[in-house]
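Report on the structure given below.
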Amino acid sequence: MNMVDVKEVSKTYKQGKVAVHALAGVSLSIAKGEFCALAGPSGSGKTTLLNLIGGLDTPTQGKIFLDNDEITGLSQSRLASIRLNKIGFIFQSYNIIPVLSARENVEYVMLMQGVPARERSERARAVLDDVGLAGMHDRRPAELSGGQQQRVAVARAIVSNPAIVLADEPTANLDSQTGQGLLEMMARMNEERNVTFIFSTHDRMVMDFAHRIIRLKDGLVAHEQIK
Amino acid sequence: MNFHMAWRNVWRNPKRTGIILVAIIIGAWTMLAYCALARGVMASSLESALNTLTGHIQIQNPGFREDPAVENRIRNPAPVAALLDHALPKGSCWAFRVQAGGVASNARNSQGITIVGIDPEKEPELSFYGNATAQGRLLEPGDDRGIILGQALLDSFETKIGRKLVLMTQDADRETASRAFKIRGTFRAEMEGTEKQYVFITLAAAQKLLGIGDNVSLACIRLPGRTGQDKAELNPVVEALTRELPRDLTALTWIDLLPLLKGYLGMFDRFMLLWYLVVFIAMAFGLVNTMLMAVLERTREFGLLKALGLTPVRIVKNVLLECLVLLVIGLGAGNLLGVLTIYLFSGGIDMSFMAQGSEFWGLGRLVVPFVTAKDLLSVNAVIMGLGLLVCLYPAVKAAGITPVEAMN
Amino acid sequence: MEILMAWRNVWRNPRRTILTILAIAFACLVLIFMLSVQVGTYEVMINASVKTRTGHIQVIKKGYNKDHKIRQVVSDPESIAKILDQTPHVTAHTFRANAFALLSSDLRTCAGLITGVDPERESKISNIVHTMRKGRFLKPSDTNTAVLGALLAKNLKVNVGDEVVALGSAMDGSVAATVLKVAGIFSSGMDDYDRSAIQIPLPHFQEVFYMENAVHEVVVTCDSLWHVSRVKESLAAALHPKPPAEPTGQDADQGLVCLSWDELTPGLIQSIQMDLGGGLIFYAILLVMVAFSIMNTFVMAVFERTRELGTLLAIGAGPGRLSKMLVLESAFLTLWGITLGILAGCVLTFWFQHTGIPLGGAEGMLKQYGIPGLIRPRLTLATALSGPALVFIITTLTALYPALKVRRLTPVDAMRAV
Amino acid sequence: MKKLILIPGLILVLFSTTAFSAQPDAKAIIAQAWDYMRGRTSVSEVRMTVHRADWERTSVIKAWTRGLEDSIFQIISPKKDKGNGTLKIGRDMWTYNPKINRVVKIPPSMMSQSWMGSDFSNNDLSKADTILNDYTHEIVGTTRSDGFTVYEIRSLPKPEAPVVWGMQTLKIREDGILLEQAFYDEDMKAVKIMDTSGIVEMDGRPFPEKWTMRSMDADSKEDYTLLEYRNLKFDVPLADHLFTLNALKKTQR
């Protein structure tokens, strides 16, 4: 059963007066539970594809199915609800809410889902301990290192048990040791919780961790490799 | 170079700059517009008061002001006339008047009024008499049977042009004197009270009615343009007149004659200044905030400039220059809008919908907004001066940024 | 937690927040103070007019206020006084009778309005008592004694101790004449009144003008302007116990009406409306200024945080949630500002309410309108809250702009923003 | 009856040149009537009733006149007004009140006010001769009444005359008795009308006993003032000092 189906998707941006073809008819499927990397040089369309899969952006052409439901053409608020309940995001620059502590950041997603306060706090504690932030629950982002912030981001992404986690170059801002720790943790989550992970990356190390590597070039799938 | 940099910095965040510019523009604009309205109101009350037979200067018998009765008249007007003909500044006008309380009556009505004997040739330039003829025409020289009265009085007497009005008064010998006059025309005054108060006949007719020969009650003088409104310009004229005036006569300015109005205008002036300040403060919060944002988000940049060797004074100057750019643009557009608004309303604002209210405040029916150069200057000076002053705070803040903290 | 988030967001940039709060507080302060000054001035103006002339309410014969005919009397004022004694909010009442008469001194003759007043009760209502420039006010023991307006005294050329002859027409058409001794000269500040008014004791007036017990006006004052209409209604009901649909009976004969001060002096209320209108322009301008002054804070709250807002969108926050958060943030600022403004405004106003605001040179001119040289603002619930309410509305509207703007944000664009 | 014949005889002597020529002169008729009513001097006692819709009042006044210029009036009843007097010399008027023992000159501003609360104004009294001096007259018709010719005269004010009326009309019987005098405004609408009735013999000549002044205003239609002559004597020798301020203060008889 496929978690993600991308069918003939293309995306054109207008950059000033020039049209940029970020994706030019990409088709691919990702099965449930995959730990998969989108690789390629910058400008190859990785991030665009990731955004499209995550419902952050809408394709110019083609269709995208998430968990067998088509997400193309849905309203902003429908998309928001899909993102909230089915997708976890991890960004290159962490993007955790600066005014909230680590635990509050994690809890916030559950709050939006309507999880009761008690359960929220229990689950947040558990997941933060799980990502290795025991004892740092109440720190604000400014008091955490980059790696720790990204762990908060991972905790936030997986706490609501999403069907899929999308990570946009999660290790790009981290040193290699921290990056490796983070990847190990994510791989563990993938195994333990059976969460589908899709990364975009051009980091060798990330690709080593991935079970499947999809290489993009000039907006097209250039090469696929399954380990 | 510095200016170029300031200009570009200002436009780095067009939205933010736009908003604060709008604030400055509205500030300058409304200050000017409100000032113009206030000036219009002031001028309207002043004009309406001066027009209501006060004029700028009056030559009177010293007892007349306290007791405007026939006894207190100018008994020898010839030297006064000679003096006024040569001693007044160019463009001035003057005329003799006879003034007495009396009663006007027709078949159905009778009402106390003030009889004013005027010089039909000179009076139209002096007072509201010449301003607005509602019906008919004004008195012609030698028309000793004609009478001009206010439209409101005509209405309350239920009479019309061409009809009779009998005036009755006490003559110089305290005998009852009366005479019929033909209504030639009616005037509209700023205030209904004025329309009901005064009736105009020729000087000769009034002198005959009162039996005072060639005597007059007073001479009313109007100086050219707005000069008569200013105390400083008024005083030398009065002094010059007083020197040559016969001993038993006195020259009084409108400030002497209407001390209350003077106080009222003074209060208005102070109120305007207060108003500028209030609007400015409301604007200053936004200005400081915006400049502060602009400075603080460029901490790195200022640190770098400092590292490059820029002195704090130079940084203060740079920030102030940005502030200046904002103020100049804002003031330019604000002034333009203000002047445009004043131009749009230059036909005057009709206050007659509030006739009773405006009458209570001594206002005319028409308020024409205008500003003086002084107003224009003070509005701009307040915004520019105080604006730069408050911008010193973000400027000093910027100057205090050290290279080290900027790089972190 | 959203409130918490908004709260923390507000204090992310304390300097900016404080400046914004101060701007809002300033607007509130100015509005409270100015409105209180206006209300205070109006109250003084109304009171001056009410106290020298009309009272809050008058019971008169229908039409008497239009045309002061001596025969249009209230023939049994005592019965109305009895009703008034039992009406709540009535602080005082008195009777007056008026007649136009020829006044003459040794030197001059002119027309004037003689008013018969009850010296004792009048002094509780009228401030003529307090505006005596020379001599004294009337005493209950006085008979042919008068106090008159300063301008009238000037016209007649009389002083305290001089005699004034009054000659008029009595109620029965006979000749009414009396010689009055001037006991005092007052200057109410209202030129029209000071030019024509002369007051004598009511019993003497009734004797001279053959009024018997009749009077022209029953003058009533209330404890507050705000109670006037209530008192008027209950008084009118007491005067006309039967519905006015039945024109029979003694009510129709009596034909008495109750008029309040604004009906008795319509020019006054219009002049107040006009001043209020001018004030409103002023307030509108101030509010717009403040709105633009604080708009940057609100707009920046969105622009600076576009990326963060994008993240929130990405992790599944709907646009409504973001709007709510932004509105909450601005509500914090606004409420803080307004609270501060109300506090400061009330303190300032209260202070001046006690000390008064001297007017310097403008004193004389204000006297003309019956305003004493010291203006006292009047802090009421309405003046303390209506200004801040306006500020609240305008800041909320201002905050709405970014809050609505954020709805157009798409996550991708937002996160791409710097 | 003898006297009745005598008086027209006297008039005949006075106005023989104009009065009864083919076209009688209007002004002469008026002058004759005014003389007839006043004589060179007159002393009379008049009951004055001022009537209003809701109220009426009566007083008795004694009047002395000398020509058209001078007159003095004194109230003899009711008691409370007794002694109140008005003196008119030329155009000026004074009023006296015994209670306060003062004489006050009526200022111009009060001249159009009502005299003693009646429908007569001070002006009506003070300008009694105005009809003769300030108007031009024209006979517009004649009628017959009680065997007498009645002249209907229209009088228009001279342009400069200090007269508020637009016109007066008079009805004068050929023997000099005034039957009606009407005052019109400039729109030629009647403002007030005075008529006389009850011609009886007084002091040897026929004289109307009742004089009624009616206001024509819509809102005071019922208002009138009625003068009833109770006593009238003409051409009584009157002392000069009668028409002085001092005399005003004393009760005359």
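All chains are identified by letter, namely A, B, C and D, in their written order; residue positions are counted from 1 within each chain.
FYI, contacts are C-beta pairs under 8 Å (C-beta built on N, C-alpha and C of every residue); 3 or more make two chains touch, one makes a residue touch a chain.
Computed from a predicted structure; not experimentally measured.
Farthest from subunit B in terms of Cα centroid separation is A. With centres computed from CA atoms alone, C is the chain lying nearest the middle of all the protein shown.
The mean-CA centres of subunit B and subunit C are about 28 angstrom from one another, to the nearest whole unit. Mean C-alpha positions place subunit A and subunit B at a centre distance of 72 Å. Separating the centre of subunit C from that of subunit D, both taken as means of CA atoms, is a distance of 56 Å. Taking the mean of the C-alpha atoms as each chain's centre, subunit A and subunit D sit 118 Å apart. Multi-chain contact residues of subunit A (touching two or more other chains): none found.
The multi-chain contact residues of subunit C, meaning those touching 2 or more other chains, are 111. Contact with two or more other chains is made by residues 107, 109 of subunit D. Touching pairs of chains, sorted by label, consist of A-C, B-C, B-D, C-D.
Note for the complex: subunit B touches subunit D at residues 101-103, 105-108, 110, 112, 145, 159, 163-164, 166-170, 175-180, 182. Within the complex formed with subunit D, the residues of subunit C that make contact are 71, 102, 104, 109-111, 165, 167, 169, 172-175, 177-179, 210. Those residues of subunit A that touch subunit C in the complex are listed here as 51, 54, 56-57, 76-77, 80-85, 87-89, 91, 95-100, 104, 107-109, 111-113, 156-157.
Of all the residues in subunit C, the ones that touch subunit A in their complex are 1-2, 4-5, 8-9, 12, 307-308, 310-321, 410-412, 415.
Taken in their complex, subunit B has these residues touching subunit C: 13, 15-16, 19-20, 22-23, 26-27, 30, 34, 37, 66-67, 112, 259-264, 266-267, 275, 278-279, 281-290, 292-293, 296-297, 354, 356-361.
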